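First comes the structure, then the notes that go with it.
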Amino acid sequence: MSIVLGPNRYGKAESRVVRIYRDEARHEIRDINVSTALRGDFAGAHLFGDQSKILPTDSQKQTAYAFAKQKGIVSIEDYGMTLGTHLVDTVEHIDSARVEIEEFAWQRVLVDGSEHDHTWIRKGQETRTAAITVTGRGEHRETTVIAGFKDLVMLKSTGSEFTGFYQDPYTVLEPTNDRIMATSLVAQWRFVGAPSSWESAYTAVKQVLVSTFATVHSLALQQTLYEMGRAVLEEFDSIVEIRFSAPNKHHFLYNLAPFGIENNNEVFNADDRPYGLIQATVLRDDVAPAPAEAWDSYTGLV
Amino acid sequence: MSIVLGPNRYGKAESRVVRIYRDEARHEIRDINVSTALRGDFAGAHLFGDQSKILPTDSQKQTAYAFAKQKGIVSIEDYGMTLGTHLVDTVEHIDSARVEIEEFAWQRVLVDGSEHDHTWIRKGQETRTAAITVTGRGEHRETTVIAGFKDLVMLKSTGSEFTGFYQDPYTVLEPTNDRIMATSLVAQWRFVGAPSSWESAYTAVKQVLVSTFATVHSLALQQTLYEMGRAVLEEFDSIVEIRFSAPNKHHFLYNLAPFGIENNNEVFNADDRPYGLIQATVLRDDVAPAPAEAWDSYTGLV
Amino acid sequence: MSIVLGPNRYGKAESRVVRIYRDEARHEIRDINVSTALRGDFAGAHLFGDQSKILPTDSQKQTAYAFAKQKGIVSIEDYGMTLGTHLVDTVEHIDSARVEIEEFAWQRVLVDGSEHDHTWIRKGQETRTAAITVTGRGEHRETTVIAGFKDLVMLKSTGSEFTGFYQDPYTVLEPTNDRIMATSLVAQWRFVGAPSSWESAYTAVKQVLVSTFATVHSLALQQTLYEMGRAVLEEFDSIVEIRFSAPNKHHFLYNLAPFGIENNNEVFNADDRPYGLIQATVLRDDVAPAPAEAWDSYTGLV
Amino acid sequence: MSIVLGPNRYGKAESRVVRIYRDEARHEIRDINVSTALRGDFAGAHLFGDQSKILPTDSQKQTAYAFAKQKGIVSIEDYGMTLGTHLVDTVEHIDSARVEIEEFAWQRVLVDGSEHDHTWIRKGQETRTAAITVTGRGEHRETTVIAGFKDLVMLKSTGSEFTGFYQDPYTVLEPTNDRIMATSLVAQWRFVGAPSSWESAYTAVKQVLVSTFATVHSLALQQTLYEMGRAVLEEFDSIVEIRFSAPNKHHFLYNLAPFGIENNNEVFNADDRPYGLIQATVLRDDVAPAPAEAWDSYTGLV
């Protein structure tokens, strides 16, 4: 028996890169948070403190900023692929690079009804995300693009039931035919091939998710998620898999009976904790899975 | 010399009240965070543990939820005045009540281009606020309404200078004629009298603030804030005072020179800490000040 | 009637200064978060964008770091007085400076039972604070020192009642003779004159507060706070005033009756929101109040 | 080609259970945050909204609170195994249960030098964690116990180098022979078999980690982590694997040269973002891996 080094990776997390396009009077802005994580032959660093194969995390950061100018940030998916490919191609003992990006959206300020050239308000709604993983070299090169968002808070004030559930001795929950359903959705969808435009693909996928959430009469958050995923896969050929994490943000009907007030699903307490958490994947059954690291966020363990 | 009780107050903070209007197919939603704070003759509780004059914070919470149905939440300013007045009027040893409200805005989901009846996405931009203070009784009754918002993140990519500043031996900052100016604005404005509509007043004040931020060529964040305040006071007769807290969210030009890349105000690092912090008041010089407690948030010390 | 500039201030918030003393093998560490706020004649900057009287916030930051070496950080109170005095003394149009400091405590790592020379774990308990305000010049110079802490989380599992309270129509709370009492305490105490050691004063005041919280049989959180304040003022002559902000962190007895399980104050749900909030001041009745700005944190409005 | 349901799970996250032992005058406290996640045959809920196999997340919460009394919380590992085993054993279509627990530590208040019977201060240092996964039935039953902590903030003011690293065209970092090394460590270690005491095992593992961090002269954070892992595996036979996630919390030497002040590794800026992030596993080479879900936190995607 001996003690050995297992899976490992390292990188620079959360470089806050802001790119302004100002070649014309009407500026454009891209505001992102970039994290890179590298895997490869780093045993020397762990076992002997030998850094000769360690590209400093500082260099990864410098590259992220430099590429914002050299390569530009038209879409976070393109920028991430360029950055990830560069990292694997220029350092030979790197086996794979994962670039994780959050994008903060801005909308132009209106002045007298017209969009201002160089002033924005941060939109503040969901945070768009991308995770690009580049593995292997030459003919073994594989690039995985996962687009998505987090913190999209949605609520419907009716059209949601929860009945007929399994009952064990600790079940005291009453079934309901009409409740608030609310979540702060995380969704990530994997592409095989690139859409004609990453920007319009993002907008379109979000719209399908949101409108399906609205229109499905929900018998369970599980069902709603599955329908949302199915709708995306049916509409977008290049998307092969979508994963959801959906906290059930409980809105409890407030008990106004002690005050002789009827509460017909009108007044709720929005509770913080605990919350239900539903997580599911919807995918095509004929598509090869992505490399394992393509789904491994730097925010978890390796 | 003796030890005595000084200023004190108590209340229930952060009741998360959600009110759905569902009398018609097209529902409406109001989503607020309510905090109440009472001042009055509570020495008995402090000195002897005598609770006979203490209206429990739980009762304050119950009232906040009950009023959401009984009185409704058309605007947070009206709801706050109703709740604050009730508290002072029904408990005789209460001298003043302050009701602080945050409102979270929702926008309707679009389905096939039409607004959905009962599904929303949380807007996520600024948080609207109101602070209503009711003091005194009978002819001494005074009601102060302060409307506002927090966390309105704005950025302009040009049109901002910082030059000609005072220099001491620790000054190494270079003057600049072109920089990013960004802030996460807190603004609170005090009314004397009520506007015809709290809702349209809010929208209009926000628009004046935002468009002034955009159009003023800034020599200093101080100057921009003053102009924003002046514009509001010039446009709205019923507003007599406005206070700002504006962090200067530094965007530092990233040094790409080591890589032979020119950076002509195009790539920035959005820094977290430290940040400049500019705070100012703009007011009419002929208006009586509000009672001191009208500006004292429960988030500070009494 | 005209529109005018009202109260205003500006400064640099949250400089994260770490000072290592390493003249001997056994190092020492001071880890602080410094914020400065200046008041004075800054109307030119607001009205005309004239910066000639504006000491840049960057210069304030540089001074905070430079003084960490030049003057050292033996105690945050001393460091804050030195920094605040310097700012008022070297820039003539500054009327007052407020230096607000958070200190993060570290404890030495033990290796084979001995304290390590240069390795620490962050303690993570309460955050010690100081707020030093320097106003005026020459004979009008006044220096106010407020020491304190925030986020000291305390809990007692018995010895706390809440009965005999005022009842209005919205009161449904049941009185209780035995409940959990828990808070996350903010306390700030003002000195007149300096103690022989700021370090030992801090430790001693905290001990008085904590042990009084433990030993007072509580009829109300108000009463407990008053007794805590009185104990401090009785023990420390140089302290003239203490202010508390104490959220009542509710621990609700969990209803296990549906499962036939008795719950004799043994299982609780620690709730997040809403929470009661009790705020009070205890002071000596013969002491002049501090200047108003001495209590105004940069985290509020001016 | 068809669209299918992929991996999925659901549960109740973040039940805040507080358990008081009060059979004697000297009370004991256990303060935990419990999350359960179930996997199994839930296709009906996703595909058809059929809840008949869905044990409500509310029931999972009720059980977490009920077990705090019925089974007690002596150690979070035992409590988690009991809860996880119960969930799999009582609901036949559940294949596996994962119970994730955070424990908040309290220390007794001292009064006149003696520990108080029923009053505590929250320690606030690291948060202890446990993740128990129960899979299969009968002879296929497997129970995995992963103990650990998060947010253990450590710093050493010397004894850390970073030199000899790989250089690409974007490398501008200067090598250093003496820097601050600081991290906020996440560590999770997997047991095969149970130690004689979970409590003393936790304390002992933490001590090995902390003292190794202190005493290893570090050529790289990678090397330090590996040595920390090796030390744990060498000392504890029942631990077979340990995983680390270690942000490199950068402390940048502050440039005081413009002020003619020498800064001999004495004054630093503690930066927030970006940060290096090192993640590694150290394990025994002869031990079977845990089931995949044993390492999948509910905080990530399924």
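The chains carry the letters A, B, C and D, assigned in the order they are written, with residues numbered from 1 in each.
FYI, a contact is a pair of C-beta atoms (placed from the backbone, for glycine too) under 8 Å apart; a residue touches a chain by one contact, two chains touch by 3 or more.
Bear in mind the structure is a predicted one, so any value in this text is a computation, not a measurement.
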item: Equivalent of A-D within the choices A-C, B-D or B-C, defined by over half of its residue contact pairs recurring; value: B-C
item: Between A-B and B-C, the pair joined by more C-beta contacts; value: B-C
item: Most distant chain from chain D by Cα centroid; value: B
item: Intercentroid distance (Cα basis), chain C paired with chain B, Å; value: 23
item: Centroid distance [mean C-alpha coordinates] between chain B and chain A, Å; value: 31
item: Chain B: positions in contact with at least two other chains; value: 15-16, 62, 66, 170, 172, 258-259, 272-273
item: Complex contacts: residues of chain D adjacent to chain B; value: 169-170, 172, 258-259, 272-273
item: Residues of chain C touching chain D in the complex; value: 15-22, 27, 29, 31, 62, 65-66, 68-70, 106, 109-112, 116, 118-126, 151-159, 180, 207, 210-211, 213-215, 251, 254, 256, 258-259, 261-272
item: Chain B partner contacts - residues on chain C that touch it in the complex; value: 1-16, 35, 37, 42, 45-59, 61-63, 66, 90-91, 162-168, 170-173, 186, 188, 218-220, 222-223, 225-226, 229-230, 233-234, 241, 243-245, 247-248, 273-286, 295, 297-302
